[in-house]
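A short worksheet on the structure shown next.
We call the chains A, B, C and D, going by the order they appear; numbering starts again at 1 in every chain.
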């Protein structure tokens, strides 16, 4: 039984970690923190937990080192690296859900975010996308959990990139539910500013673009454009990626490649020809669903969906923990979602 | 291990039964039927089940008797009683989610619905509300699963009724998400006819009124008025009940009564004073949450929430199955919901 | 041509006033203020106004007296009375959308809100519900625009109260879209905290209860209970009121009374028997729709809908202005709404 | 005063035509038809029209020739061309909202739709996109109103295409509200099948693709890919188009080109640099809003929004009528939308 701490437990990724970890047979949540709600029961903040998990929140700004075997950091970037420095040692697994430990090249990080104050820790961190880096994650002590958009985009492109099949531009048109913006109060996240509307945002300047770009460049030297949009719904990301194959292939052949690439992956589902994903079918699960169509002239469109809070954040973090600890990768993630 | 059949598996209650029963350690779904989708995999209709449950639908209109230990009937009223007659024997548990087996007095049923063609079976059926009738459900072979609105209303009123504390009118103002209308194509259930709108419907003529009324009358001879409204959301019912106490009591006292009444109930949660339920906190779970306020002059308002597809239908059906079979009542219902 | 100023123009009531007044043939918006957005074009804040109205916002905290013939105050209660004192003179019409000038009896106001600092002005203010107080509004200089919930509730009950037909309790179960909470950033108004959920709030302590109660008491000495609920949608209020007639009458008779009472009202529509309002049919218009059912035993249920930002706020404010100025009451309010 | 008939008045485009035309000072709606609702008042079907427009629907399947000066056909493709043949003469303006008269090359039409049974009429029809074909629309008797997606896509690309500035692929990622699917009952349009979900559909096979493609080819011989997605909201289309400029230019320069191209257009608004459209800002209006960003390496992304029922259907139809009749193009379209 591992003791687990959630640092910053009252945002959407924090409460999602709680819900999922309560189903995990080998861990126990022994620490939940919040500065805003310290001293209160988490089930008072999220009454859905009433009768299920009623622990009390302790301040984030305390010294929590050595208390847990695994820490999940659900903190803003910048803050997270400071906390990670404090908690880090060689017996503890730290999984950071901010952007602070996602970049091998800190120049890219610092251009998009802020000056990095824990560069050595960042350099030994592993980018926690199990489908690409499972071997490195095994036994890792410091894991940078990928961004939600990058998870959806990279999994959509990886089989093609790995084989070096793409050429020219890659345009990634992504759409996310509002929970991706977190639980902070801002005008743009108000119900009345989102409902019955749809918009692109951060066009050409979203910080997930360099994160996707650096992963793409590991396989092919291609330029991506990433445009995020805000969907009037709670959860889910759908990414539609447009590009060209160096030489045309059939949809069936490319689907075959995808099925082969992901055949041992417990959380990637490849659609049949003519079927495309809907966010409602990955909602509340750790799945990434992928469908695609290849055209006779080499153009290709790939559609992927994830739940931004599960495979795009807390679910993937648990998957990373399982891989790091060497236990069954699906523990805590055997969710049977409901419909509708 | 019990073999379970779901007759009519491609409506919302059917697919919810599948999702929940897949987490039940003592049952196996061995039969799923659909006339509309016969011959197709259920995961093609509901791709969220891909990789989780990929069985093939067989026609509803076949003879399924003797195949299963438990049958859930997710059929329209009228049809359901015919199917029940066919499947019934003393070794099988039948749980009917239609209205056909909810009424002890068939005159009431026939006034609201149609002529009953299985009156003997109806007379031996048990009204499957475990919080009120657990003892009768134990060992029962024919169970009429309560309606969604009645479940929310009766649980909200039961502690007061049982003690005979109410007087005068009872007004029940209920609001339901759209999944309560089922998965049939009708103008009134179209997205554009529901979204950004709210309305009362079936005012004074909804067939759940006699179902609530007959239960109320078992305890106190009081007249209810029940007005349903349609919420622009998928799941959840909130009922607000208004009445008067024969003699005024404090909110704290009445909450104490509720807590005492439901203290051994695994699926009823009583809110603290000043806290009231939100459908999002019972969404995807089998809980019924109840909050209330008593006024100095004897007036009282009680607010209850359920998930209409779980505690209001499929979850309660599984709870009934568990009670009938004499196994742990919470099996298949240990859901940790997610937020938001 | 009257010059009109909107003090606090960047909340939802402010921008609604702009949209409506742009269609008014006899007024010109010459002043729009905002402390938050001062110096910016209002069409930058609300780009739907681009090309339609591109004036610049000036600070609210400046001396605006004598600049306009009519002022609409869209300010928080407490602040509003201070501003009203400054702007008030006998040549100017002030219409206050806060609660500060709605109460003849300041004891009631102060119990629910704060100490009143402009009591003399409050005493000469008129409660701006034209259907009840049109004669007083004519020529008035200081008008307290009613709350959204009270508008929906009072219009629903007025014909019965006026005739003294009710007896016993009046329970008013109201449901409002989120725009009723304004454009302030608070957790409870975030998309993810509202969407796919429904809850009662301020149970027994909402400040619109004394506002409704004092109007009811002007006609019948009856006690109301008012319970508001939050709908997952932008706009609209539906109130369901439950009570009893002293002596039973038919639905047809009562509908006849309603049609007679409101027969000259341009903005009240009475439904036919068996038809009940939907908020989507009053959305974006100044209408109040009312349907009802009377039961044989004297019980009665009345359902009313309004758009909370139009008839519940800015539209009614314009109606009040028109009445006060003695011009056609429907100017600026001849909206043909669209569907869906 | 022109007499106007709406053939098929109870779908969403029909009721939108009614709402808009009621504000048009030079026309009178003298004919509304519906087979489904014949004999009923249109305000019974859409109660928002109560007190505003209460005419009775006559059967569509009657001979309506010679009754009106202008006919709007809101019928399914295939049916529409048959009706057009009947109504056509040289004194009447027919504006068809189906696809039947949008294609100069009937081979393209027949490949995507059905055999054309009115080919001569089709050949003299004008494609009703005023921003491109205003001169041809003037005096036209038979106008094919463009599809909603094509309107949003073509207006987004036209300034670049006209100047021949694009090269390589054009990927058009479009997202539409549910009203684009019409008011027919089908599973995929049910609230519970749309809400809290997002999906691509008709990938590579949507019939608006050839309509966009044939317009693009009039200017540049480039291949488009068009992928539509379904948004969980009522109204609005946002199209995000990705391509490359033959030679890189600044965002400012390209915006300048757009502003110049559309400078006399009453219904096209070009955003400032760094600002991108939101469907909620064109909702309920006839505007098309366009924002864009050009990258240093020649890549370009253009974002456009329309209301699919207004500029994408009924509003554009009225604009076409106004142009055809030679009257002020904005009559009936001077909508001041509300927020939120």
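The rule is short, and it goes like this: a residue touches a chain if its C-beta (ideal position, glycine included) is under 8 Å from a C-beta of that chain, and two chains touch if they have at least 3 such contacts.
Since we're looking at a predicted model, the values are computed, not measured.
**Q** Counting contact pairs by residue number and requiring over half to coincide, which of B-C, C-D or B-D is equivalent to A-D?
**A** Of the listed options, the interface copy of A-D is B-C.
**Q** If you tally contacting C-beta pairs, which comes out ahead, B-C or A-C? Let me know.
**A** Result: the pair with more contacts is B-C.
**Q** In angstrom, rounded to a whole number, how far apart do the mean CA points of chain A and chain C lie?
**A** Those two chain centres are 45 Å apart.
**Q** In whole angstrom, what separates the CA-based centres of chain A and chain B?
**A** 36
**Q** Calculate how many whole Å lie between the centre of chain B and the centre of chain C, each centre taken as the average of the chain's C-alpha atoms.
**A** Distance between chain centres, rounded to whole Å: 39 Å.
**Q** Can you list the residues of chain C that touch 2 or more other chains?
**A** Only 12, 179, 192-193, 195-196, 232-235, 277-278, 280, 283, 340 qualify.
**Q** Which bits of chain B are touching chain A when the two form their complex?
**A** 12, 15-16, 19-20, 22-23, 46-48, 50-52, 179, 195-196, 234-235, 269, 271, 275, 277-278, 280-285, 287, 289, 309, 336-340
**Q** In their shared complex, at which residues does chain D touch chain A?
**A** 168-169, 171, 173, 175, 192-193, 195-201, 203-204, 223, 225, 227, 229, 231-236, 238, 240, 242, 244, 276-280, 283, 291, 293, 295, 297, 299, 301, 303, 305, 340
**Q** Write out the stretch or stretches of chain A touching chain C in their complex.
**A** Where chain A meets chain C, its residues are 12, 178-179, 183, 185-187, 189-196, 232-234.
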